[in-house]
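Next come two complexes built around chain A: one with chain B, the other with chain C.
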Partner chain A sequence: MKTFEYGDNEIGSKEVTMSVASMVIGFGVLTLPRTIVSTTNSIDGFISIVIGGILILFFTWILGMLTTKFPKKNLHEFTSLIINKPVATILTMIFAFYSMLFVSYEMRGTADISKLYLFDDTPVEVIGFVFLLVVIYAVSGPSSVIIRINLMFLPIVLCILAVLILLNVNFFEVKNIKPFFVTDWLGILQASRETIFSFLGFETILFYNMFLNKPKDMVKSALVGISIPFLLYLLIFLFVIGVFGTEVTRNLLYPTAELARLVEIPGGFFERFESLFFTIWVMTLFTTAAMAYDVTLLALKSVFNKVNRMTLIFILSPIMYIIAMTPQNVLELSIFGEWISYIGIILSMVIPVLLLIIAKIRGVKVNG
Partner chain B sequence: MLRHIFSKSRKSNKREKKNQDVKIPSLIYDDLTENLSNIKKILDSPSDLIVRVFTIGESGQSCAVVCIDGLVDKELVNEEIIKSIQISCTKNNQELPLSGKNILTELENKVLSVHELKKADTLDNVMLAILEGDTALFINGINQVLLVGSKGWAGRGVEEPMTESLIRGPREGFTENIRTNTMLIRRNVRDPNLRFESNKIGRRSKKDLIVCYIEGIVHPEILAEVNRRLKCIDVDDAPESGTIEEWIEDSFLSPFPQILHTERADKVSTSLFQGKVAILLDGTPFVLIAPTTLASLFQSPEDYYERWFIGSLIRILRYIAAFLAVFLPALYIAIVSFHQGMIPSRLAFSLAASREGLPFPAIVEALLMEATLELLREAGIRLPKTIGQTIGIVGGLVIGEAAVQAGIVSPVMVIVVALTAISSFAIPSYSAGIAFRILRFATMLAAGIFGLYGIILVYIMINIHIARLNSFGIPYSAPFAPAFYHDWKDLVIRAPLTAQHKRPQYVQTVDDTRSNKGDENS
Partner chain C sequence: MAKLMKLTGFLCILISVTGCWDRVEIEERGFVIGAAIDTTEKSSDDSFGTRPNKARKEDYKLTYQYVVPANIQGSGSDGQSKGGSGGGNPYFNVSSEGKTIFQITRQLSTQVGRSPYLQHVKIIVLSEALSKQGYLYDALDFFVRDHEMRRVAKVMVTNGEAIDALQVDPKNEPMPIMFLESITQNTVKTAKMLPPTNLGDVHENLLMGTSFVIPRLVVNNKKAAISGAAVFDSQDQKLVGTLNDKETIGLNFILGDIQGGVLEFLMNDQYFAVEVKQAKNKIVTNALDKNQMKFTIEINSEGNIGESYGNLNLLEPKELAEIEKKAEQEIELLVNQVIEKLQKEYKVDVIRLGEQLKQDHYRIWESVKNDWDKGENYFSKSVIDLKVNFKLREIGSSIETVQ
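Up next is the complex of A and B:
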């Protein structure tokens, strides 16, 4: 007799792939081309993305190796095994704090860009508040709900991106992407740092690990999941530069969304494709925020075992809202984002490597 | 919270039930007159109770036939019970042994030429049988009763289903008689593994309820869950399968139907072959099918009767219709009041011209028209058929036209509302159509406040809700998410039947192969 494969909270490998991809695709893609060309020229940013992507693939592999060693365990549990409990608690708390900031950042980004593309005079506070409410609705259920949501939304988001790129083929000019190799190495490396920032989010697998029903597939599916945004970034960067050229891109706030502005729908059904594009884009911003929130809750729950999930939500949500509304302008928001990214790099790259090394040295083995 | 309240009320109901049972005397005495007077006392001698006392042949032993007029097949009672007892015992000059048990077996074996015969020891069972339309045969001196199956009342014949008509496909629909319904299923499913599990529902109404499934296909856990939930039901009466549905559904706060209901025998048999469970209730032509997913709301039997290409296209059309039914008025409101720039300039001019001088904002206009439409629809159902059409014309055409001419609503709004109405009828499941109608109002309000941003947030919320919903342990969003790619062959498109060798995987059937590859040797 077969048993139910999905009645409980377990997730399969394709769910991991989809979740990693939709966690990574978020607010970062919209600004990525601008941040890359701020230190590179013409198409050279391509190299930066490739360098960043390969680095990220490597660290995803490390994360995968780490989590595969400890099936069905989350960050707190396996850090306790590798080092000891106090360190694990501190690390998990930092992680919770980081993903909480991530939610705030994503929420504020959504509110800002909604105001830019959809509203004229609705205040950012209200837009952000409604968004947070929907995120709260999502995280008040079990984690598997959010993962299922990813499965439903990612195809739609990829479709709208495909449409965006296809409809821009006419505007692509080869002269914009020439000449090649005109940037110095320092610029390229700086740009790849920016790329790494927008790849952050894959560290969620440190917590979703405990739902996985086939832990062995983790590495492969996480790598496939990262490859999706990797290819996407390359394609979008190519098109943004091909359409706008380096100089224009540097001065666009959200170059990817601006790409949508050029589009003319064949048949003239409606105009201003960017409104539609952004409306759909809210979906991926939502999945990123909801998953980050979910990870915050999972992290806190692993430390404070007895606290109710709803209680945590009630405590965290006002804090997140206040943090999100603190930056006064776009500049402050991007500084905020940069700081989050630095914490993210430490948590998702440095710490897993250290953990893996310590685990190897001490020969920690999971029993059963 | 609400679940708690419910479970408490269920427990308290059971306590009352015990008190009820004590009142009825449940013994059958040897004395015939005492038994008969007991029955009369319990039923309070109603006018439709028939008690016919006579003697068995020439033996002189008295017996009585008890039944309810109208529920029984009169001819059967007269010819096969009364007449055969009277005649056969005299004609053959056969001496019947007068001692107790023998007379019963003698009657059973040689006299009563009926196919359905049971013995009963308690008055409870006898009463239930009489009230169901069986005939009880009391014999003086014996504390056992023979129950003859004699159900035969006036009922509707097998007709074409009213609510789910098809162009191509069998025309048989279920009736109010549960036996006819099991017959219709049996005729479609000639598998010896087809199981009918009988239950009684309703503390007072004691209606027949049959759980139907095919053993060897259905997943045992789903079946166990259905049975477990059915056991929880404790009501006075279950007038319609809707009562059952409400008791056993997963979430009563959800607008989406978590159990499908149908009048079509072929739909039930197809579902049984897919590994689902059907629940039949006596007295209603609507049969419940569980578990149900969102995708199955969009499936109609016709998809499989027409060629796959047509079936696929129609199904795609239904998904578009559902989208329009939920989002079209909201999109109109959002675009007209927030994102005028999205409309191509030529259309924008004509839109603006049509909206010139209108007293209300788009959201009020839309709510007004949608409410009128719901009103018309409701009135159309209640009215007699002949007048219904007239009301449709008067309401739809005259009011719409007059409202436009009076300058209350814009003509584009009328188009939008009409289109949504048509779209919501294109969905095969009526209760799913209602769900979409409810959601439409939510999206309209959101669009009125936040424009496109509001619509996408409501869309996300609907998706969260669907992802959370379960139907008997099956995620409502399956096979989209959790993804069962194999089942996508029969999801938005309906792949050729020769390409669908497996049963739906999301139902986790025990025997998962539907057909072999079209091989001549097999």
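Up next is the complex of A and C:
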């Protein structure tokens, strides 16, 4: 009988792949094409995505290397081993703070865009509140539950996105993606910075490491997980540019959403694809926010071992809500997002590299 | 006690989070299917104090066509079968004047109980006067910005007042806008009208600062026809002129946008009609000299014989070759006419040679793009060569009609 298997808190390599992919695909998909073409011309942003993607693959590999060295341990535990306990506590707290901001950002983003396209009269506060309630419901259970939701959601999300791209083949114009190689390197590098921002989220494996039943597979499955959004971004960028052209993309607030709104099968047979698109898009934001929240809880719990998970949720949720509602408009929200991304880059790239180097120098060995 | 608390908690959540804030019953929506924008001579109140010179002097007059769903079934506009409830018109037009489109749209809520719902707007008609004054992007901004609008709504320019377009006799369709919409589908039958230009295309052209064409709607005495093209320049994005039927066919050939069309010419002093099924183009740029750029446009088209009056033996290869040659000459004539007009008279590049240049020779394009079809106007100085190929595919089911 396998009745109790669900109760275990272990995840396999497939779960890691899916979680990394779901975590990364989030708010950025909607705006990415615009932020890329704000400094590049025509299809040259492709190079930026490739540069960003390869960098991220490298840092994912570093993260994987780091975590496989310390199987079944989370950030707090292995940092205490590598450096010492106080540093580990500070680092973990920063991490918790970061992922808390992440949840707030995703929540506000969902609320803003849902209001823009779907609920004209509903206040942002209410949409955000409802979204947060659902996220709280998700994180009330054990972490493995959220991770397993990805197994269910991600295929749906990818299918709908594939359909979105297929339905736009008609609108694709080759003239929009030509000429090639006309952007200077500075522009391309600036755009790849934006790309890196939208790849953030993979650092969650620092915490999910402790649930992994086959720690050796971590590197491979995380790399596969990152490749999914990598390819997706390339495809979406290609199509947004091919359909709208550089100039228009630069002037659309959410180009990918506009792509969904364009779909029209002749004869009025099928229109309004955006309703489907927004559904799956809220699903991805939900999994991203839920995982980020879960990571916040795991981080705090690794520091304050005795505090109950539910107590933490009750303390954190109002704070998250207030932070989310602080930005006054889209502009402030994007500045907020940018700052979170900077913290994210430090936490997911700089710190792991440092930790790995220190671990190598000190020759830290794992004892069990 | 704990149970009671829990229950109250659940009830509170249930009551506060279920339901839909934005619910609007479908009967309460005012479905707008078309919009017409005119400018008015006079300007209303001057609540902005002294008007800066840059601001528009004229007011907009916006007309929306609403659908009355209850009257759609069984009520032809000529009143033949007035069944259903009420049996009134299945549509009505409401207009209002104001400074901004947004304001007028809201203002219309004071005139119609059902507030305008723009998700179903199919066509936006602009008046010739408005286009000539160069208010195109002004007038369309609201439609591009508003989240209810979709970028696939079609844009047209009329020969007179835009409001007339909403009052045409819809003939076999229930509503004027549906009637116009059904005409736009006919690009497979004739090349005399441009393929539909949608809001997204116009937005793209405005952003890129290129010249462009928009299908022209000719309304006379409640009769409407889509024919020809309205030409907008890249300088101020104003209407600079129009292309007639024949020139539009030529333009369509250059753009390779032909899905169906008719060519007429003389064969053995008798009229002869050929149906064009498709045209594909290939532009080769040769941009060595800025002041005399060379473009070679190759048009490959094919079609069938539509009508033959003379006693031609259509099974004779020689005759067919002759027909093909005549068709090629006819296409060349049409295309040359429109190129001549665009290069010499309007001096605007709506045949998108600039775009081709940008794709093939980006550096050269960067150096000429500000003077392409304005200022220096390298476009009108460029040399355009034509190569036309026409292939006959079918001759129809009869070989000769008279002996």
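Simple rule for what comes next: the second predicted complex is superposed on the first by the 355 of 368 C-alpha atoms of A that agree within 3 Å, B and C clash if a C-alpha of one lies under 4 Å from a C-alpha of the other, contacts with A are read in each partner's own complex, and residues count from 1 in each chain.
Basically, a contact is a pair of C-beta atoms (placed from the backbone, for glycine too) under 8 Å apart; a residue touches a chain by one contact, two chains touch by 3 or more.
Nothing here was measured: the structure is a model prediction, and the numbers come from that model.
In the superposed model, A:170 makes contact with neither chain B nor chain C.
Once the two complexes are overlaid on the shared chain, A:148 sits against chain B while remaining clear of chain C.
By the document's definition of touching, of the two partners only chain B reaches A:286; chain C does not. In the superposition on chain A, A:130 contacts both chain B and chain C.
Of the two partner chains, chain B is the only one that A:15 touches; chain C does not reach it. Touch criterion met: A:119 reaches chain B and chain C at once.
In the superposition on chain A, no contact is made by A:84 with either chain B or chain C. Of the two partner chains, chain B is the only one touched by A:275; chain C is not.
Put chain B and chain C next to each other and count what each touches on chain A; the higher total goes to B. Where the contact sets of chain A with chain B and with chain C meet, they give residues 118-119, 122, 130.
Across the interface of their complex, chain B is touched by residues 1-7, 11-12, 14-15, 114, 118-119, 122, 127, 130-131, 134, 137-138, 141-142, 145-153, 268-272, 275-276, 279-280, 282-283, 286 of chain A. Put simply, chain B touches chain A in their complex at residues 219-221, 335, 338-339, 341-345, 450-457, 459-461, 463-464, 467-468, 473, 475, 477-478, 480-483, 508, 510.
Residues of chain A touching chain C in their complex: 116-122, 126, 130, 133, 175, 178-179, 182, 244-245, 247-248, 250-251, 258, 261-262, 264. On chain C, the positions that touch chain A within their shared complex are 13, 17, 21-22, 147, 150-152, 200, 203-204, 207-208, 355, 358-360, 362.
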